[in-house]
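Several structures are given next for inspection.
You will see chain A twice below: alongside chain B first, and alongside chain C after that.
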Partner chain A sequence: MKKLARAIRRNKVPYLFLLPTVVGMLLLQALPILQGLYLGFLHSRKEMLLAYLSAPWAGLDNFKQILFNPSSPIRSGLWDAVRNTILYTILVTLGTLATGMAMALLVNREFRFRAAARTLMLFPWIVPTYVVGLLWGFLWQRDVGLVNIILTDWLHIFSTKPTWLIGPNTLWAIVIPTIWRQWPFSMLMLLAGLQSIPKDVYEAAEIDGANKWHSFWKITWPLLKPVWAILILHGMIFNVYSFNIVIMMFGNGAGYPGKYGDLLMTDLFRNSFQMWDFGTGAAMSSLLMLAMMTLVFIWYRVFRDQLTGK
Partner chain B sequence: MMTIRTAMAAAALAALLTGCNKEAKKAEAAETAPKGGGDLLVWVMPNSPKPEADINTLLEPFKAAHPDVNVKISVLDWGSAWTKLTTAAISGDGPDVVQLGATWTPFITDLGALLPLDDMDAELHVKDAFLPATWSSVKPRASAHVTSLPWFMDVRPMFYRTDVFAKAKVDPKTVDTWDGYLAALEKIKALGLKNEGEPIAPIGFPGKNDWNVVHNFAPWIWSAGGDFLNPMGDKCTLNSPESMKGILFYLGLVRKGLNPKTNMEKNTAQVSADFDAGRIASMFESTIKNTFLERPPEQGGSAGSHVAGNYGVLLPPAGPAKRSLFMGGSYLAIFKSSKRPDLAKMLIRYMTADSAAQLNYAEMSGFLPALKAAFNAPYFTADAKRAVFKDMVQYGRCYAAVPYWGEIETSILMKRMGNLFDIAAEVNGPYSEAAVRAEVDAAVKDIDNQIETQFKNHPEQRTLLEKSMAAADR
Partner chain C sequence: MSYTSRFTSRRWSGRFLTGFTWILVALHLIPIAWMVYCGVKDNGEILSGKVMPGRRQNEVMFLARMADGYLAGTADGGVTRFDGNLKQVSHLELATFATSFWLDAAQAGKPATLWALSSNRGLQEVDAEKLSLRKTYGIDRMAAAYGPAWNTLWVNEVSGSSLYHLGPVLYLAYQFQGYPGVTAFDPATGEFKPAAGFPGKEAGLLRGFTRPDSADGRLAVLTSQGIFLHSPDGSRPDVSLRAGRLPAVPVRICALDGDRLLLSADSRAFIYDLAADSVLTWLDRKEGAGIITAFGRSPGRIWLGDSHGATSLPDATPATPADQAGQQRLAIEFLPRFPQADGRSEDITAYRVTSILPLPEGGALLGGPNGTLSLLDAAGEPVAETAAPLPSLYIHWRNYLDLWRNIDFGLYLKNSFIVCISVMLVAMILASMGGYALARFNFPGKNLFGYSVLATQMVPGIMLLLPLYLMFINFSRATGLIVKGTYGGLILTYAAYFVPFSIWILRGFFASLPKELEEAALVDGCGPLQAFFRIIIPSALPGIIATGVYVFLSAWDELMFAWVLTDEKTYTIPVGIRLFVGNFQNRYDLMMAAATVSTIPVMLLFFLMQRHIVSGLTAGAVKE
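The block that comes next holds the complex of A and B.
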C-alpha cells in the first residue's frame, strides 16, 4: 500500500490522466457487474422491480432452480440453448477464421483495384446485426428465398427446396449469417498480421527451396498465432453473447427460434424480460460469466507463449 | 335512382344530426370541463397509416371544445412500447394517458400504476355500453377496480377469393361449420388452380415466427369447447379432450396439405402478402386488411388489383361446441402519476364513449369500435363486408385477464405452440398425435409451474381470483 502511495506521489500527472478512465470503468462496468451478481441472490420479479436491489433475499435459491430443479420454468429448453450456443460458437468462430484467413491471403496479393476490393469486402461488417437478422430471414425463405433459388433452382444441389427457418437446419440459418457478418473483421486483423511479416523471410525461404505451402505452414501460420489467439478469444466471447441476429430472424423478437436455433442469450431474454424473473435471469448470467471466465483462463494457458512472446 | 336519392337524403339527415349532436356535445363538454387547462401527454402506438396525424384529426373536436387543453401525442413503436410502459409504470414517471394492448391491462393494473376509473364506470355503464368481451380487460380478475376503458377492437374474419370459390363451386354460406370449411378447402385443393405456375393454396396460416401464434390457435380451441386455463384461472386445461380437438383440427389443416408447410416459417405479413399476390385463396386477417384492400395504391392500399376486386369476407366457422373468436384490441388508461387526472378522464371519455369519435377512428385505422352504439352507423350496416365484422364482435373473446397471462402467452405458449408447427411440418421426424400431445402436456406442465410460482409469491392473488369467481357465480 505504501509502495502504491509512493508510486502515485511520484507519477501524479500520469495517474491524473488515468483517473477519468478508472472512474468511467468503475461506473460503467464494475458497478453494473456487481449489481448483476447481487441481483442473482434476490427474488427480483415483476412486482419487486421498484424495490430493485432491496428485493427479498433469495440466497442460493435462484441458482438451485437453474441447476437442480428440472421442473423450474427456467429449465424449460435450457439445455437445448446450451447445446446450440456451444455448436454455434464453435462453428461461427472456425468459419469466421477460415474465411477471414482465405480472404486476407487473397487481398494481400498485388492486383489491380486491390484497395477498392479490400474496402468492399468490409461491407458485411458495417451492416448492423439486427439488419443482418432481418435480411437473412428473407433470404432463407423456403419458396421465395434467394438461398434456395441459388442452391436448388440454379445449382441443383438439392432436388427439393430445404426448409431453413424451422427444424434442425435452423442452426445453419443462424451460423451462416453470423459468419457472413463477422469474417471481414477477421480478415482485417489477419491482413494486418500478414503485412507485419517481413518479406525477406519469405524470400530467404524461397532461396532455400520452400514452396508456397511450406512458406504458409512454416512462416505465415506460426507468426500469425498471436492474431489467431486474439481472434479466437474475440469470437468465443462475441458468439456466446450473440443475440441480435437470432432474435430478429425469428419474428423480430416475437417468435421462438426453436429447439435448434435458441441460444443462451435469447433464452435468458425470455426468462428475464418475458417471464419477468430478473433474479433467476441474473443468476443465469452469473453462471455464464463464470463459465466464460474459465474459458478465458483455459484460452490464456493455451496461448500464453504466443502472447508473451516466449 | 330512388335508392340513391334515399341514401343521399339519409346521409344529409345523418350529417345534420351528427352536426347538431357534435355542437350539443361541444357545449355539454365545455360545461362539464374542469376549470383551467394544461398539458396532457398521451402515449399511443401506431394504429393507423399516419399515427400521429390521425390521432390529431381524431382529437380536433375535443381540442375545439377544450382550447385550454394542450394534448401532446407521442407515438411508441409496438416493439418498444411494452418496455417503455412497464418502465413508466414502475418508476411512476409516465404520461397522463396510455394505450394498452388487451393482454397488458391485467399486468399493468397488477403493478398498481393505473388510476381507478370506477367513477367513469358508474357514469358510462361500461359493461353495457361496450362490447361484452372487453369487460375482462377493463376490470382484470385480480383487481377490485376498473382501470381502463376499451378504445378499439381487433377481430380476424376470413378473407377469401370470390373468383376461386366460384371456380371451385363453393357456396360461401356452407363455410359456416368446421365440416363445411374443410369441404370447401378440399374442393379448392382438388381444383388445382395455379398462380404464376404455382398452385394456389386453399388457406394460408402463418407459422411460428409471428406475434400471432397463440391468437391463431385460440379460436379453434375455444370453438371446440376447450380453453387455455380453467374458469378460476389457476390451472392449465390445454390438454383437455376439447382443447386437443381444436389444436389437432388446426394442425390438421397443415397435415391435409390445405395450409402449405412452407407457411410454417412465415409471419402474418408474409402470408398476407401471399394473399395479395394471389398465392392463397383464403386467410384469417385483422379487419385492417379490408381497409388496405379498399385504399388506393397512392395511399398505401391495393384497390384496383385483381385480388382487391375479387374478395369477400366471412364469419369464421363455428366449431363443434360453439363459435368463439379471438378479440384483441387496445384500451386507454390513466397513470396514477398524472397531474391532470380530470383532464385525462375527459380525454378518454371523448375517445372511448363518443360514438362519432369511435367511428371516426375505426374508419382511419381499420379496427373496430369498442362502443356498441358506433356499430349502428351506416358505415357498418350498409356495407356487406363490414356487416360481417359487426356480426363477429358478438362472438369475440379475450384471454383470461389474470396478471400472469403475459408470461404464459409470450414465453411459454409462443414456444410450445411454435414447436407444434415443427411437429406438423415434420421437421424433427414423422408426425404423430402422440408427439403433439407430449408437447401440449409439456406446455401444461410449464404453465402450471408458472402459476404455482406466481401464487407462491402472491398468495393474495389466489384469494382475489376466488372472490372474483364467487362474484361471477352470483
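The block that comes next holds the complex of A and C.
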C-alpha cells in the first residue's frame, strides 16, 4: 500500500495523463469484456435480455450447443461462416500482400507523375468499407452490374451473365472488393520498406551475377520481413472481424449473404440482434477471441524480432 | 555496341512498365468512377443496362396553334415553334422534367404567354412569341403556400395538362407529400396559395386535371378516390363523384362540356353524364386496341391517342342514356395512323400518341415520344413530319436533391460529423497525454497498460457490443438517464475503442522527439505540465493531427456499433443508408449518390492531410 502511494506520488504526471483513458478503458472495454465472458455462461435470450446478468445460469450449455450439438439452431450456418471466414481471411490477406508487393515494385521505379499515380492508387483505400459493400453489391448485380456488362456484353468472356451474389461465386464477390480496398495500404507500407533498402545491396548482388528474380527473393523479400509480418498480422485481425463489406453487399444491406458469403461477424450479429440470443453470441465471441489471441500469440512468437523492431 | 542495345531495351521495357502501371491505375479506379457516374444517372437507364449517358424523356406534352404555325412543348422542357409545314422556327430548352404547359393567347399590350410547370424548376413564364424565359417561380415559393412540411413535387403523375387559366387565376395541379394539391397562382402578384374548394389529403393520388372549353365548365380533378368538380366563380355547384360509382377506375379525364366527362381506363373509354349521373355511352374500341394515352376534342369530334396511333369519332350524344351493361356504343369511324416520324427509334412505343391538337380545317397535329410530330390532313394522311430537337445530355442532380428531400440524408451527415469530430477531438487530447506518458516516463504498470492497449485491438467488436447494449439499457432503467440513442453514448464507446489505439501510434511520435526539448524548457523554469503544453504538443502537432484524421476516418467507417447504439435521431450515415435501401429497393441512382456523398468528406480530408497520414503510417515500416 505504501509502495503504491509512493509510486503515485513520484509519477503524478504520467498517472494523471493516463487517468481518463484508464477510466474509459475500464468502464467501456474491461467491464464489457468481463460481462461478455460471463454472458456466455447465461441463458440470455429474448425475454431474458432485460434480466441482464441475473439471467438463468447455463453453465457450459451455450458452448456445448455451439461445439457439439449439430442440430442446434445456432449451429445452422455457423460452420459455413467459419469456413468462409477462414477462406476469406487467407485469400484476402495473401491477395492483398501479393497485389501490394507487385504494385509497390512497379511504383518504386522512376517515372513521370509517380506521386500522382501513387495517390490515385490510394483512392479505394479511403472509400469507407460500407460504401465498398454497397458499391460492389451494385457492380456484381446480374443484369445491371458493371462486372457482367464488361465481361459478358463487351468482352464476351461468358455467353450468359453469371450470378455473383448467389451460390459459390459469392466468396469471390466478397474477396475481390476487399482486396481492391486493402491492397493500396499494403503497397504504401511495402513501398516505404522498399525505399529504405540501400541501393548498394542490389549493386553488390548484380556484380555477383544475381538476376532480378533472385535479388527479389534473396534480398528484397527478407529485408521487408518486418513490413509483411505486421501486414499479415493486421490483415488477419482485420479480416476475421470483417463486417461492413459483407453486410452491405447483399440485398443492398438488407439481405442474407447466403451459404457461401456469410462471415463469422455477420452470422454472430444476426444471431445476436435479429434472433436476440445474446448468450450463445457471447459464448461464440469468447471462443473467437480465444482463437484470435492464440493465433496472434503464435505469430508474435515467430516474428517477435520483426514486430517489436529489435 | 552491346551496351547501347541493352540501354535501349531497358528504356523500352521501362516505358512498357510505366504504361502498364497507368493502365492498372485506371482499371483500379473504374468502380469509383462508376459510383460517381451512376449517382448522376437516371435509375431507369441503370435498370435497363444502358451505360452511355441518357437524355430526358421528351415526349410531346403540349401542342398549340399559333398565328403562323404551331407551338410544341415536350416533357423535357423543350419549347419549339414550327411554321405551317412543320419547319422549325425557333427553340427554347428549359431543361426541366415532367413538364406540363398552358398557353395564354396574346392580349392587348401583352404577347402570348406560355406557362411551364415542372418538377424541378417549378412554374416558369415564357414569352411565346420570342421564346424567351421571362420569369421563374421556383418550387420553394410553391412550397411556401403549404408551410414547412414540404417534400416533393410530382407533376408527372398528372396525365395531360396540369394547369389551366381561369379568369385571373392560374390553377396548378400537382401531387405533393402524397396528397393532391390544386394551387391557385395569381400572375399579377406572383402569389401561390392552396385553391379553396378542392379536396385535400382524403382525395388520394392525383391523376388528371381538366376543364371544358365551354363557359359554364367547372375545373375537374381526377384522383384515385374519385372526381371532384369545382366552379371557382361559384356559378355552378361543386360535385364530388366517388370512384366506386364509376364502372371502371379511370386514369385519364377530359371534360367535353359543362356536364359530360370523357374518361378512360387502360384501353376502354366512356362518356359520363353528370346531369344524368350515369354512363352515357362507351366508345366502341376494338379488341386489342392500345392503351389510351391522350385525348383531343374539337367541335363535334373526339380524338383518342393510344399506344398504336390516333383515332377519331363524332361527338354525338345518343338519344337515350346507355343501360348499365353499356350496350349503346359510339362507333369509331376515322382511323388515321401515326407514322414513324423518323428512324430514331425501332421501339413500338414510338407510335404512341402523347398529345393531339385537332385542327379546325379537319385533320390533326399529333405528338409522340422523342419529340416526334406528325401533321395529318382531313383524310388522315400524313402531310408533314418532324421532330423537336433532342434535349442536351443532362446530369441528374435531382438524385442529390432527393437524398435531402425524401431521405433524411442531411440529418445522417450531420450526425456523422458530430460523432466523428467529437471522437477525433477526444482521441487527440487523451492520446497525446497518454502517448507522452508512455514515451517519456517509466512508471509501475507501464507494461501492463501497453499490453492491455494491444489486447483491446484483438477483441471482436461484438464481444463489447452485446454487454454495452445491455449496460446502456440497464443504466437508463436504473438512473433514468438515456444513453442508448444519444450522441454521448456513441462518442464514449468510440472513444474507448480509438483512444488506446491512438496512444499506441502517438507513443512513437513522442519517442522520436529529442529529449532536449523538455529539458531546455525545464531548465527555463517550466513545470512538467507547462513543458508538455508549450513545447511538446506544438512539436508533435503533425503527428497528433495525422492520428486525429485517422480516427476520424475509422469512426466514419463504423457501422456495427452505430447500428445498435443509435436511434432515428442519431443515425449516422452507414446506418441511414442501410435503412433507406430497404425502403427504396433498386434505386441504384439514389444509392450511388448516397455512396458518393459519404465518400467525399473523407476523400477531402485525406487529400488535405495526405502527407501527414502517409508519413505517419509508414513511420513504423521504415523504423531502423
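In this text, the second predicted complex is superposed on the first by the 270 of 310 C-alpha atoms of A that agree within 3 Å, B and C clash if a C-alpha of one lies under 4 Å from a C-alpha of the other, contacts with A are read in each partner's own complex, and residues count from 1 in each chain.
The criterion applied here is as follows: contacts are C-beta pairs under 8 Å (C-beta built on N, C-alpha and C of every residue); 3 or more make two chains touch, one makes a residue touch a chain.
All of these numbers come straight from a predicted model, not from anything done at the bench.
Steric overlap between chain B and chain C is present once the structures are superposed on chain A. In the superposition on chain A, A:T152 makes contact with neither chain B nor chain C.
Of the two partner chains placed by superposition, only chain B is touched by A:P168; chain C is not. Contacts of A:R45 after superposition: chain B is touched, whereas chain C is not reached.
By the document's definition of touching, neither partner reaches A:N108: not chain B, not chain C. When the two structures are aligned on the shared chain, A:S215 is found in touch with neither chain B nor chain C. Applying the stated contact rule after C-alpha superposition, one finds that A:N244 touches chain C and leaves chain B untouched. Contact comparison for chain A: of chain B and chain C, C touches the greater number of residues.
Using the contact criterion defined above for the overlaid structures, shared-chain residue A:D143 touches chain B and also reaches chain C. Listed for chain B are the stretches 63-71, 297-305 or 441-449, of which 297-305 clashes with chain C, judged after superposition on chain A.
The residues of chain A shared by its contacts with chain B and with chain C are 49-50, 143, 251-254, 273. Put simply, chain C touches chain A in their complex at residues 14, 17-18, 20-22, 24-25, 28-32, 34-35, 38, 46-49, 51, 430-431, 433-434, 436-438, 440-441, 443-444, 446, 449, 452, 455-468, 470-471, 473-474, 477, 492-493, 495-497, 499-500, 503, 528-529, 532, 553, 556-557, 559-560, 563-564, 574, 577-578, 581-582, 585, 588, 591-592, 594-595, 598-599, 602-603, 606-607, 610, 614, 617-618, 620-623.
On the chain B side of its complex with chain A, the touching residues are 79, 83, 86, 90-91, 107, 110-111, 198, 207-211, 213, 261-262, 264-267, 270, 406-407, 410-412, 414-415, 418-419, 421-422, 425, 427-428, 442, 445-446, 449-450, 453, 457-458. Note for the complex: chain A touches chain B at residues 43, 45-47, 49-50, 71-73, 76-77, 137, 140-143, 163-169, 249-256, 258-259, 270-271, 273-276.
Those residues of chain A whose C-beta lies close enough to touch chain C in the complex are 7, 10-11, 13-15, 17-18, 20-22, 24-25, 27-33, 35-36, 39, 44, 49-50, 52-53, 103, 106-107, 109, 111-112, 117, 119-124, 126-131, 134-136, 138-139, 143-144, 146, 149, 153, 180, 185, 188-193, 195-196, 226-227, 230, 237, 241, 243-244, 247-248, 251-254, 265, 268-269, 272-273, 278, 281-282, 285-286, 288-289, 292-293, 296, 309.
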